[in-house]
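Two complexes are shown next, each including chain A; its partner changes from chain B in the first to chain C in the second.
Presenting the complex of A and B:
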């Protein structure tokens, strides 16, 4: 009973914060999206006009399409790059080498988004060091993808590294001892046992990508429009109800995709190492 | 399979260093085909390192590994004719018992009814047939170990390597599994190489034992030979219980240590003497055959024998084992007697004896 009360006391600040900030913002968004005129009133009469025009607009769906495509591309690419990287960090013998690798993986987070993004712009522009190699990437979707993969790599590396570390080393050795070559050891033993890490990495990266604003705005050159940008634009135009409706769409998309990931994680849950 | 020596294992001058210290220091050893061989020693003696070198999970810094007479030093683990049973079992947690056992066959390209037959066969051998569809997490420690052994045996290896296979099991299960392992070795005609720190386990199962210490082999011989004629003081102490005497001084036609007299022993030629507890007789303190006197401190009943704890005038503690029913009680002062052939002489070349 006392332990229960102590636990309640410990989660109280976090819960209070989330309820106040997160829940009230969601409530406000829902309330704003259900009106056509911006009013100062917290509660107004329900009016589905905004929803009708937002959902009936082909532009909304093309923006949703771009957002989802960006989310899927970036999470797949990030996980593909993060997995071998995490494996390398895991197998590096010396502590300082692993620390150096982790620092490199972490470095994009340490740099301001504006600096990082303009850095990419300088690299990719005509006449830039990577210009000839990635011709036409800047101010198009591939440029946005490459920059997002860069900054979101650590969010995939960490869950994957943690799940690789949770696989006992003797399982790989046992597989080798039973005659499995490197490829078979990876596909039949390591990969199935690290699927939970891959899924949670992809989940994080996806959620971050579909809500990313600065990178698509600065590197998309106005050609890559995602939901976060249209929300921003509508707020600039004082179209609060439209912005709110789009924010709700973004939230629903995130929840939908995250629950798909959750379901997938549950299905492969049998592969989790329980020792 | 193949040549008559297909399943012999030979280590030639193996050296393995970890961070500059030698875990194995020029170890040479010959394991006969179709035998049950134990690598015995305290933790850190290099026995598991040696096993991993034979399995190919580690590479030696120097020396060679020969299996069936062929040099396999450079062969990676997945191409060696050996299989290792890990201490933990190392069962794949995401596969059923059946899939675990099938894994090695699939890796070798054995599929279909032939594979199924072999899986069933090895499940039957370890009496785990009814658990084929269970997941490893739902099995007990002993059952997991059986599956791990079946998973290795299904590959029909020339040599089965076992790393402390019984250490995770409770004692009564250990005693049972010792006989099972011995039986499986005989039924499959495979060479078993088993690492253990438990000398009773090694004595009971092995045809031959290599006693290891600090990266070297102290003595490799049949259990009876190790017991009756230990070559070093370490082996005398480690194999079974023993009363080891050091610091021998020449004394009137024999040698004396800790107030016990050993007639006919030349103190210059031996570094230590050992007398097994069951070879000590208790006699009247004044009897001519008495080699020294001692006081009975404890008397313990084990079933067939009495274990007698003794202390003599130099404060030396001794252990004697007498048939149950011997009339003796704590506080008695007794004479110690033993036949000349009960005294094992450990040669002076054992430089370690001084340590």
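Presenting the complex of A and C:
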């Protein structure tokens, strides 16, 4: 009993912080979006005008469309690059080489997104080293996509690498002994066993992409507008209720994406071969 | 592995390493090149931009601001997160699963929504917190808690609880057991969590941008606001300082941990206890 009370006392401050922050943020977002006047008052007259105009506006839906399209494009491309990369890292035998590769792949996480985005702006701009090759990419969607793939690559490599490592090596050898070629071994043995890793990588990348702010803001050139930017813009325009409604939409979208991937992972996990 | 497979692997690894490092390298090169706009190989070496960057007032203020915010946010996140991770790992409370989900829940919240949420929270309830070190740090704590709890929790999961039992049997109080037995064994995950939390807070843009007026901002936000207007060598210089600083801090931490033998310490103790 005393131990339990001590444990409760240890975890209470963090729990109180999280519960208070979540409760007040969500309550305030809902309250701000359900008013039309520009006021910081805690309680204002309930008015669904903001929601009506946000949901009835074609612009909102085109922004949501752009946000989701970026999410799909970036997660597919990132997984397509990350999977072979993770497999290559897995097969590197020399310890120092593997360590160096891991450092190269993961250290960009420690560098600010603003700095990495700026690097892409320099690479892609007119007269830049990649300018002629990727003409017209900067300040258009492809430029935003390539920079987001770069920013989020480590988040896909990590879970995929972990799931490749968890596949016992003798499974591949057994398949080879039974006469399966490399392609068959990949599609029938390795890929099915690493689907959970692919799903959790894609989930992370998708959720991070639809919430991304700095990269589309700096590389979109005003042509690519995602939800996160409209929230920021509406604060500048002192349209707090509209910003609140868009924040609620983004939050709902993020939670939906996470639960869809969670559901998919559960379905796949249920059919997994167990040894 | 056949020769062809080996060659393919080398090509893919090389392509990925170029893709990952190119945007960082171009920033580093541009920051010491005499060219105003880097179009090809640099025409000369200069420290002028670096000098301008360190004397540029918004960047100087931003650096100090960022360090203060990161220090406060890291300290608070550790103070709240380490005891929480301990309680969750030991599972001494009913509803541990719910608590674990609560402490990783901030990861599901888009950072822009967090930023806007704290913005309306401060606007409605604590107007004085807007634009202060404490106000920004309190919001960052939400982003850092999941990392702290996960990293410290994984360290605790590798511990042998029988060591703590032995400490208690020998008459140590629970706080003595924690400080003299548990804490020394999780020094490494603790150090990693602290450095990772510090850098995450230091680099943060998406949440911070909502919480400070444009005049006085943290360093990454100052870079973001400047990049929205134009790109110039001074921005390259401050960006390259951020790259070098982040990687240096990460590298030094890894080195210090290896030097002090902490990489093996926990494992040795565990093995000793089991045999």
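Definition applied: the second predicted complex is superposed on the first by the 252 of 275 C-alpha atoms of A that agree within 3 Å, B and C clash if a C-alpha of one lies under 4 Å from a C-alpha of the other, contacts with A are read in each partner's own complex, and residues count from 1 in each chain.
In this section, a contact is a pair of C-beta atoms (placed from the backbone, for glycine too) under 8 Å apart; a residue touches a chain by one contact, two chains touch by 3 or more.
Please read all numbers here as calculations on a predicted model, not as lab measurements.
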* Asked: Taking the superposition as given, does A:122 touch the first partner, chain B, the second, chain C, both, or neither?
  -> second
* Between chain B (first) and chain C (second), which does A:188 come into contact with in this model arrangement: first, second, both, or neither? -> first
* Asked: Is A:63 contacted by the first partner chain B, the second partner chain C, both or neither?
  -> neither
* Which partner does A:231 reach: the first (chain B), the second (chain C), both, or neither? -> second
* Contacts of A:138 with chain B and chain C, given as first, second, both or neither -> neither
* Asked: Of the two partner chains, chain B (first) and chain C (second), which one does A:84 touch, if any: first, second, both, or neither?
  -> second
* To do: Could you look at A:199 and tell me whether it touches chain B, chain C, both or neither (first, second, both, neither)?
  => neither
* Asked: By residue count, is chain A touched more by chain B or by chain C?
  -> C
* **Touching partner for A:173 - first (chain B), second (chain C), both, neither** => first
* Asked: Once the two structures are fitted together, what part of chain A is touched by chain B and by chain C alike?
  -> none
* chain B residues within the chain A interface of the complex -> 55-57, 76-79, 82-84, 86, 88, 90-94, 103-104, 107-108, 135, 137, 151-152, 155
* For chain A, which residues count as touching chain B in their complex? -> 168, 170-171, 173-181, 184, 188-189, 192-193, 270-275
* Asked: Okay, in this complex, where on chain A does chain C touch?
  -> 3-4, 6-8, 10-11, 13-15, 17-19, 21-22, 24-26, 28-29, 32, 40-42, 81, 84-85, 88-89, 91-92, 101, 104-105, 107-108, 110-123, 125, 127-129, 147, 150, 153, 182, 207, 210-214, 217-218, 228, 231-232, 235, 240, 243-244, 247, 250-251, 254-255, 258
* To do: Quick one: which bits of chain C touch chain A in the complex? Just the residue numbers, please.
  => 1, 5, 9, 12-13, 16-17, 19-24, 26-27, 30, 37-40, 79-81, 83-84, 86-88, 90, 92-93, 99, 102-103, 105-106, 108-114, 116-121, 123-125, 127, 141-142, 145, 174, 196, 199, 202-203, 205-206, 209-210, 220, 223-224, 227-228, 231, 235-236, 239, 242-243, 246-247, 249-250
